[in-house]
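What follows is a group of structures, each given as structure tokens.
Both complexes shown next keep chain A, but they swap its partner, so chain B is in the first and chain C is in the second.
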Partner chain A sequence: MVITALAALRAGRLRRLALAALALAPVALSSLVINALLPAGGGGVAGALAALLRLLGATLPPTLLFATTDTADLLGELEARGLGRRAVLVVGTALAAVPRTQARAVEAIEAQRARGLDTEGSWPRRLRGVLPLVGPVVIGGLAEVEERALALEARAFGAPGRRTLLRRLPDSGWQRAARWALAAAAAAALAARVAVR
Partner chain B sequence: MIALEAATYRYPGESSWALAPVSLELRPGEVVGVRGPNESGKSTLCLVVSGLAPSAIGGELGGRALIDGRPTSELRPHELATRCGLLLDNPAVQLTGLHRTVFEEVAFGPCNLGLPLAEVGRRTRDALDVLDIGHLAERHPGHLSGGESQLVALAGLLALRPAHLALDEPTSRLDPDRTGLVAGAIAAVAAAGTAVLVAEHDEELLGRLCVRVVDL
Partner chain C sequence: MPLSATRTLVLMPVAIALNIVLGSTVQQVLKLPVYLDSLGTILTGLLAGPIAGVVTGALTDLIWAYVLPPPLAAPTAGPFAITAAVIGLLAGVYGWLGLFRSRRGARSTVLVAAIGVAAIVAYAVVRTFAGAYRHPLAFDLSEVAFVLVVAVFVVLAAWALFARRDAGAVLALACGLLMGLVSAVVSAPIAAYVFGGVTGFGGDVVIAAFRAGGASLYQATLDQSLLSDPLDKMVTCLLAFLVLTALPRRMVARFPNGERLLEPA
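This part shows the complex of A and B:
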């Protein structure tokens, strides 16, 4: 976490990281209640703090990665380092799935509103308004997968051999050294944990 | 040249034919239109002409479909892509959504072929220039209008340098101004020697662009 925070400071993304950490406040609070106040939790304040640190350790590095790295750059580098084009597409499509689904949901909401569906007002009314959206969003998404697959074939995606990469990101010696050092530190920490037990 | 000889097609798992037997020839530089009511098989005909039906999606082809004298069923999808580009009616699905500039999006096809970087750049710039959308090169593909997206999707196909294009209702989602843009682009592409098949509802557009129109 210290390394993540330093990296965020260096990249000017400390505020973004702090917001992501703040978003975990409800989880931290519930963990504190369960561990400190309920007999079933049993970990006390120290247990709650340990759980929170684990959670921060698991979520903040990916948050920083996506806050500092363009998806296209990430995919390009993964491919340059040997990941196959189909695997890269799967990763990229998964990353792009959320905004695409959001856009499709907005389209469905607007279409349903145009037909007179009330999607605002009280919570029960909003809930009733959600149900007619499920079909268009889910079925539309599935139909789109087929069309996208066809469109990829029409653009020679299945051609054999390696794809041409338009650019590579700069990768200095100290960056490579830092990566190896971090990997070694992670392995050492893991080994130490196993040895202590 | 593309030639269909009593070509018909049945989708995988379907018992009925989606396309009644069609015969046509598509020669270099000419624009041929296809019209017909909904469900008459216009989209299916585009798939058959491009060879992706049955090569990519399976199903059964009746009659014969030839590209440059070779049956389309003998060619693999990436080989077909360099011979006949297929433009779908929805540009949103035709763009990959994985690139941050229009230039990179258009370059996707040539990159797939593993061409040298200089050749990728040349083909990409040429495709943008033919459609007169070079000014969009540095724009984000997600921030384009419907007409611009359709032109970028078309440029993505042109960058593969196919001798033929099959366009499935390329203006169905566009307003008149954007339709004019795409129509101009089709005329420009044909003038450069590409054979174009256009499936459209727009009679005026077909009358303006096509040397002949096939009724389904």
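This part shows the complex of A and C:
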């Protein structure tokens, strides 16, 4: 975690990392309250802190990776190194589709509110709002699938053979060495953990 | 690559985005005790088969947890990729078996089959709940949970049979209930052992209540997910069914599993 924070500082992305850590605040709060108040079987405050540290350790490094690396660059480079273009397509398109779908959802919510949809009332009333909100978003998304599939086929997505990348990322010897060293360190840490058990 | 394979490949990212947006934005607007974050996974499984469902489910939670920037990110979603993958697999099997086909017009054989399936599902539910709630202290709480799940099932099934006159919707509901039980059994150990029963959602309070009632950590998370997951999956499966019936036939038919989802014309 310390290394992650230092790397983030070096890359000027500490704010982004802090935000990600802050997103865990509800979990942390809930965990502290429950573990401290629960009389029997609760882990106590120490247990809650240990769980939180474990969670931070698992969440922050990937967050840092995607905060410092442009996803398009990452996917392009992975493809150049042999990852199938289907995987690249699925992940890349999914990331691009999230804001688009979000915009469509907000549109649907506003349109239905304008028509008098109740999103504040009692819960049977809100349950009635599920279909008018979910329906347009989902059906709009599925309609998009058809267009995109045709567009992809028209651009020879299904053609055999590998694509050539126009832009390769610079990769110094130091970076290569660091990658191998990190992989070795991870393996060593895992081995040490198993051995201590 | 055939066009239907390309179509599946394009469906998966769209479904992932749907999962994330429905699970965050729409869920926040409606403030209902359902997650709604597996509708895309279930639709993909139904339309394009188990493998596409598994990939969609797993990728949804991984992207959600690690790739998206904070306002949308759900940092605790990562390990639940396993649950989402199981849901996608199950949806693929459902689609392959043709369980989500619309069955309008109550022919007597269809009705008998629907009631038979409902009876089997009810038996499975009773067995699962009886097995899960052994400890006597949380008994009344768990009874409330059980009654709630069954009541929602009955209400939704009645709506499907009498308002929509579609026996297929009841089958979809039963599928959702079964899926909810499976998903609860898969996700409870994750919630218990990875997160210590605390994931920052409203369910935490329920888990704490079960634990205060004397249940062990694992038992409490299992109790909580046996309450929330069947409810969520029933609603989601019914939604998936309604969406499929609302789509134009030709659109559904173009997906690999499409023929199995359509009423014979």
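Everything below uses one rule, namely that the second predicted complex is superposed on the first by the 169 of 197 C-alpha atoms of A that agree within 3 Å, B and C clash if a C-alpha of one lies under 4 Å from a C-alpha of the other, contacts with A are read in each partner's own complex, and residues count from 1 in each chain.
Going forward, contacts are C-beta pairs under 8 Å (C-beta built on N, C-alpha and C of every residue); 3 or more make two chains touch, one makes a residue touch a chain.
Keep in mind that what you see is a predicted model, and the values were worked out from it rather than measured.
J.: Could you look at A:Asp171 and tell me whether it touches chain B, chain C, both or neither (first, second, both, neither)?
T.: neither
J.: When the two structures are overlaid on chain A, which partner does A:Arg155 contact: first (chain B), second (chain C), both, or neither?
T.: first
J.: Quick one: classify A:Leu142 as touching chain B (first), chain C (second), both or neither.
T.: second
J.: Would you sort A:Glu110 into first (chain B), second (chain C), both or neither based on which partner it touches?
T.: After superposition on chain A, A:Glu110 lies in contact with neither partner.
J.: Mind telling me which of the two, chain B or chain C, contacts the most residues of chain A?
T.: Chain A has more residues touched by C than by the other partner.
J.: Once chain A of both complexes is superposed, is A:Arg100 in touch with chain B (first), chain C (second), both, or neither?
T.: Once the two structures are laid over each other on A, A:Arg100 reaches both partners.
J.: Of the two partner chains, chain B (first) and chain C (second), which one does A:Ala72 touch, if any: first, second, both, or neither?
T.: first
J.: Pick out the shared contact residues on chain A: the ones touching chain B in one complex and chain C in the other.
T.: Touching chain B and chain C on chain A: residues 71, 89, 92-93, 96, 100, 144, 148, 150, 152-153, 157-158.
J.: Tell me, which parts of chain C touch chain A in their complex?
T.: Where chain C meets chain A, its residues are 1-3, 5-7, 9-18, 20-22, 25-26, 29-32, 36, 39-40, 43, 55, 59, 63, 65-70, 72-73, 75-76, 78, 195-200, 204, 207-208, 211-212, 214, 216-217, 235, 239, 242-243, 246-247, 251, 254.
J.: Using the touch rule from the top, collect the residues of chain A that touch chain B in their complex.
T.: My answer: residues 70-72, 75, 85, 89, 92-93, 96, 100, 144, 147-148, 150-166.
J.: Quick check: in the complex, which residue numbers of chain A touch chain C?
T.: Residue positions touching the partner: 16, 19-20, 22-24, 26-27, 29-31, 34-35, 37-43, 47-48, 51, 55, 58-59, 62-63, 65-67, 71, 86, 89-98, 100-102, 104-106, 109, 119, 123, 126-127, 129-131, 133-135, 137-139, 141-146, 148-150, 152-153, 157-158.
J.: Could you list, by residue number, the parts of chain B that touch chain A in their complex?
T.: These residues of chain B touch chain A: 50, 52, 56-57, 76-78, 81-82, 85-86, 88, 90, 93-94, 96-100, 104, 107-117, 120, 156-157, 160.
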